[in-house]
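What follows is a pair of complexes built around subunit A, which joins subunit B in one and subunit C in the other.
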Partner chain A sequence: MEASVLRKQLNKWRDVARQLLGGKLGSLIESGRTDRERFSKSNSNPAVFWVLVRKEISDHVRSWRFILLLAIIFLTCIASLYTALNSLQDAINSQDGYSEFVILKLFTISDGTIPSFIGFVGFLGPLLGIGLGFDAVNSERNKGTLSRIMAQPIHRDDLLNAKFTASLFIIAFMFITLGLLVLSLGFVIVGLPPSLEELLRIFSFLIVTIIYIGFWLNLSILFSVRFRQPATSALASIAVWLFFSFFYDMILKLVSSGLAPDASTATVDDVVHHVDFMMNLSRLSPYTLFNEATSTLMMPTVRNLGPLTTDQIYGAIDSPLPFGQSLLLIWPQVVGLIALTLACFAISYVIFMRQEIRGRS
Partner chain B sequence: MAETVIDIQQLSKSYSGHQAVDSLSLQIRRGEIFGLLGPNGAGKSTTILMLLGLTEPDSGNIDVLGMNPTREPIKVKRRVGYLPDDIGFYEDWTGLENLKLTARLNGISNKEAHERAIRLLAEVGLKDAADKKAGAYSRGMRQRLGLADVLIKQPEIIILDEPTLGIDPKGIDELLALISNLSREQGLTVLLSSHQLHQVQQICDRVGLFVSGKLLAEGNLPTLSRLLLTDTPIVITAEMDHVDDDLLNRLAGIEHVNNIQIVNGDNEAFRPSEGHILLQIGCSEDCSSAIAKTFVELGASLFSLQRKQYGLDEIYRRYFAGGDEHGSKRSKKAAK
Partner chain C sequence: MTRFLRNIKLTSLLLIFTLVVGPLLGVVPAHASGGVSLYTTYTSISVPPGESLNYNVELRNNTDSMVTVPLAIKDLPKGWTAKMTGDGWDLNEISVMPNTAQSISLAVTVPMQIDKGTYHFTLTAGSLASLPLTVQITEKGTYQTELTTDQANLEGHSDATFTYSVNLTNRTAEKQTYALTAQAEPGWDVTFSADGKQVSSVEVDPGASKAITVDIKPAENVTKGTFKIPIRAANQSTNSELVLEAAISGKYSLELTTPSGLLSTDVKAGGDKTVELQVKNTGTADLTDINLTSTTPSNWEVTFNPKTIDKLAAGKSTTVEAKITSSDKAIAGDYVTDMTAQAAEASATATFRVAIKGSVLWGWIGVLIILAIFGGIYVLIRKYGRR
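What follows is the complex of A and B.
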């Protein structure tokens, strides 16, 4: 009974919204679609791309997988918010230089039992990306729908683009919602409004997160193009994720101890050179890039991402960096993440273009 | 003669050493139903994929409606409908939704897509199942939904890859009748591939026999039998009590008779009665009356006379039933 009333109300709102929005936008889209003649002349049709995107989004939203992933991420974020609130009092009292950024602390601190919000996002975000992308192409292939879709007048890359766009849209939607949820909950519980700087930092953090998850999404789409079995591509993606989350640091530590200059004879330059080198190696990992970028954004006291000598620190005023400077500091990391994403995209393009699309094989 | 809509010239394609399609040349005219017949693995699907630009040929030219599908796949796919073998649908979508998606991908507006989908579902007899999930469709229903899916873009040519595969005989008849009607009513050109000669010959104007990547023969069925069974299209079997040289010479003298052999009953399905002899007379044309007359003139006692015309069955047996290996042997022999 309740549901039907709700649905009726929803339909009513939808009609109103359609009337309000539909005027100009709708006619623009409709005129592009109904005119078959125009469509026949043009080589490709942007409306077709959005049809695919809509199909993908509705498929995702209806799927159990999406609901499960959403539940996991939602729960962990609530948990991290809870621990952050528990230890907030201590954090504010401690003199660590950015006590004024209370709302940012909600995202970054924890009482040690559960990782902080940004820790969770860095860890679980890839899982979400992989979860949405690992069977993008090969499940369509196995169901026999790929050859049917490809027999329609669409470009092959439209399919990949649509899959990526739809999943990225969902991820963006989810994380912006989560971020705003934490923000507003914190606002309600703490009672302090966020400053403009805090808002800017939180939004940039969300954007970096979306780019980061976009990378994992693309990687899993790449595997889904390459491997015929969804299980194989899921395992391959998870293997890469585990490698960068856990093993890469261990391996780097081994390499570092092997390469470290002899402590008795090394000059300062040698040591600095070694640290720089190891740092650059670790920056090959998207996980490191993301952690550096987010910690700089969310902790304004982070002033530098490399080693500093005493000379350099000497005379520096111990105050948080302004937002613009923090952004400048992490720019290379962001560009690196985007580049990795594009590289995955390009490879999946090339593989997909060369593939033969047959019935179910 | 109607214009040529599909023109294939010297098309070749190989997969890592295996020649899937070997210098194939084929023309299909507007409005005809062409059956591409061949055993499994003969290269039918590969040819179809190349027609749609879904895979690239190694050499040769394809012209579909005046366009090169490798260069302009989008334009070709806009006017050509393709039903893949073992078509897949989004299983948790209804049949109607699946059709509408295809229509929308062809740039048809939502409203028109809905109208066309409803009309086509009625046409292929799935009106009642329109709102059922495609996952719950039976095999025959899926093929019919597939046909509607192909037709929704109002194509000029439809290409059906093994449309009858896995459907029961009644379903096959219905589907083929549907295809045939659609083609006649709307002037559609239909290219269908199959390895089931018997079913497909009912509706095809012309067929092409495709074995090991080569087109052995094309034409309508009488032409095919003439081409493929040049030696002895008709065999007359006579049963009698005794045979002498005079009779054999007289028989050999009859016009159109190519060869005569005495059959010992062991290896033939048709066994003569006790003490009788079977004669197999191969002829290029029906001359059973002349043979009967000869028997009567010589006073031989004739017990039975059977005429057997080699048709599709024989073509089928020779080229298809043996599968790839047999087919290629035959084709080598034919080439010699």
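What follows is the complex of A and C.
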């Protein structure tokens, strides 16, 4: 019902546009199309995609898995907010150059017992993404529902797109809610309104977080497309997550100690070169990219991510960077995260489109 | 008869001789009638007003009998005081043994307020002897206060402190307490000090004087010129005024700013930016050879055009272009760059806050990468999807 109404509306607009543009241009557009395009156009039904998205969202929201993940993240974030409020007094009095960003401090400081808000998000966010995506396709396949959906007049990629969009939508909704919750609680407890700069920083932090979790979501969807068993894809995703969260740093330390220039003979350039090289290696990890991006966004005094020479520090004022400059500083990291996310999506898309879909075998 | 006449003649001759020659010899056997004479060594002296004179007078009894005579001073000028003492006693009458002499101290005080001239008075011992004394007053005396200085005119810069040495002399008969005041223009600071302490009033004994130091600090915005500062030592009965002069030789002052007053700018890392500076001579004297220099973060460079200002008249300003070139390794954020305009007499520094902006080029490249990936996905959808 809804779909037909929409299609009528679309046809009406197309007719209006054709009239406005004139018959000549219209015929040009018409003649430029191939048969296949004409077929997919007449067969296209945008409403179907949103029906699928809506269904996926409702499935997720009602599942125990989502409620558990939500509870874990919600509790840890409240705990980190509590510790932040405990140590806020000291943090405001400290002379670290950004004492005026009180609301930002709520996200970044902790008293040492529990990690800060951004620490928790960087650590637990991937788990949420993995939890929402690891059985996206293979469970449907195992239940035999995949072929049933495919029997409907929908495009095959609509299914994958809808699964991705629905999960990303849930993640976005959840983290924006969480961020605003911390923001408003801090506002109520501290009594200071956030400045525009702080709001911009918090929102870009939330967007970077969503992109980051979107990467893990896509990775787990990729595994769910590739592996038949949900348990395998879940384990594979968690393995990657653990690798980048814990082991990658350790491995890098080993590599670093092996590659480090001899302390007695090394020049400053050698050392700087080595540190730069190790830093670039560690930036292969999305976890590092996310940490650099969020710490720069949430701590305005961070001016540089690499090693600094005294030449660069001499004459510099310890002042917070403007938001635009912070964003410019971490733009490569953000681009990297977006690229990783989209690359994972593209790979899973290609694999999914090439797979054979049969009935329950 | 003739003998008697001759006697008289002789006596008068002797008298005339003694009267005329006696002072010349400095010996006054005074009135020697009856063999009693008054004697003092210095009978005519010259003194300034306010002086105290002490005469040592001898009363000689040349007779064979004891003499008792009353002592008195006649024709003492108005305002003078005289006192006769012997052995610490005030004397009215004195007795002298035969053929002996008795010493008397005569203390005479000359008043302060007195005209220049010759004054006479006479010490008499009854009718038996008298001693005329002459006092010459060398100058016109004043019954007042004197405020004097050797050097009433000093010259210096506007930021110098002018120190004058002033003498306050009390030429009155009493001890006086003077209030010290100065009538300086607003903004000038005048302080008086005596005996190393800052004072607003001083006490001076009669006839004594006190050294007072006057420190004058000109007003902040003083211009070139000569300024008169009247100072005054006054109380209810007496006062004195002295005009001090301070010649200000001009003030050197320089200001470095920008036409808008904005002392911050931004520059790309490795890029340059030209800032217009304004050099202002805020002093009252001309400045020459003003050099422009800078203190920058390392590997930065600031070039000025022109590098030196040959002459800048008082109150005038000129603009200089400063080209700030940042190091290509500078990190985003704020740096401090000091620019200094320096003449021999004055200098001024402007502290610039230079914000380094990261290059936007990589930002756009990032956007292009993302667009390329989206394009790739679009191609994938076109290729595999919709079938």
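Brief remarks follow.
Heads up, the rule we're going with is that the second predicted complex is superposed on the first by the 319 of 361 C-alpha atoms of A that agree within 3 Å, B and C clash if a C-alpha of one lies under 4 Å from a C-alpha of the other, contacts with A are read in each partner's own complex, and residues count from 1 in each chain.
Basically, a contact is a pair of C-beta atoms (placed from the backbone, for glycine too) under 8 Å apart; a residue touches a chain by one contact, two chains touch by 3 or more.
Just so it is clear, the structure is predicted and the values come from calculations on it, not from any experiment.
When the two structures are aligned on the shared chain, A:Y314 is found in touch with subunit C, with no touch to subunit B. In the superposed pair of complexes, A:H155 makes contact with subunit B and with subunit C alike. Of the two partner chains, subunit C is the only one that A:F345 touches; subunit B does not reach it. Of the two partner chains placed around the shared chain by superposition, subunit B is the only one that A:E356 touches, whereas subunit C remains out of contact. In the superposition on chain A, A:A47 makes contact with subunit B only, while subunit C stays out of contact range. By the touch criterion defined above, A:K55 lies against subunit B but remains apart from subunit C after alignment on the C-alpha atoms of chain A. With both structures placed on the common chain, the touch criterion links A:T145 to subunit B but leaves subunit C unconnected.
Annotation: subunit A residues 36, 40, 44, 155 touch subunit B in one complex and subunit C in the other.
By the touch criterion stated above, subunit A contacts subunit B in their complex at residues 30, 33-34, 36, 39-40, 43-45, 47-48, 51-52, 55, 59, 62, 140, 143-155, 356-360.
Partner subunit C is touched in their complex by these residues of subunit A: 36, 40, 44, 155-157, 303-304, 308-312, 314-317, 319, 321-322, 325, 328-329, 331-332, 334-335, 338-339, 342-343, 345-346, 349-350, 353-354.
Chain contact summary for the complex, subunit B toward subunit A: residues 45, 49, 52, 54-55, 74-75, 77-78, 81-82, 84-92, 101-102, 104-110, 112, 146, 149, 153, 161. Taken together, the subunit C residues at the contact with subunit A in this complex read 296-300, 327, 329-337, 353, 355, 357-358, 360, 362-363, 366-367, 369-370, 373-374, 376-377, 380-381, 384-387.
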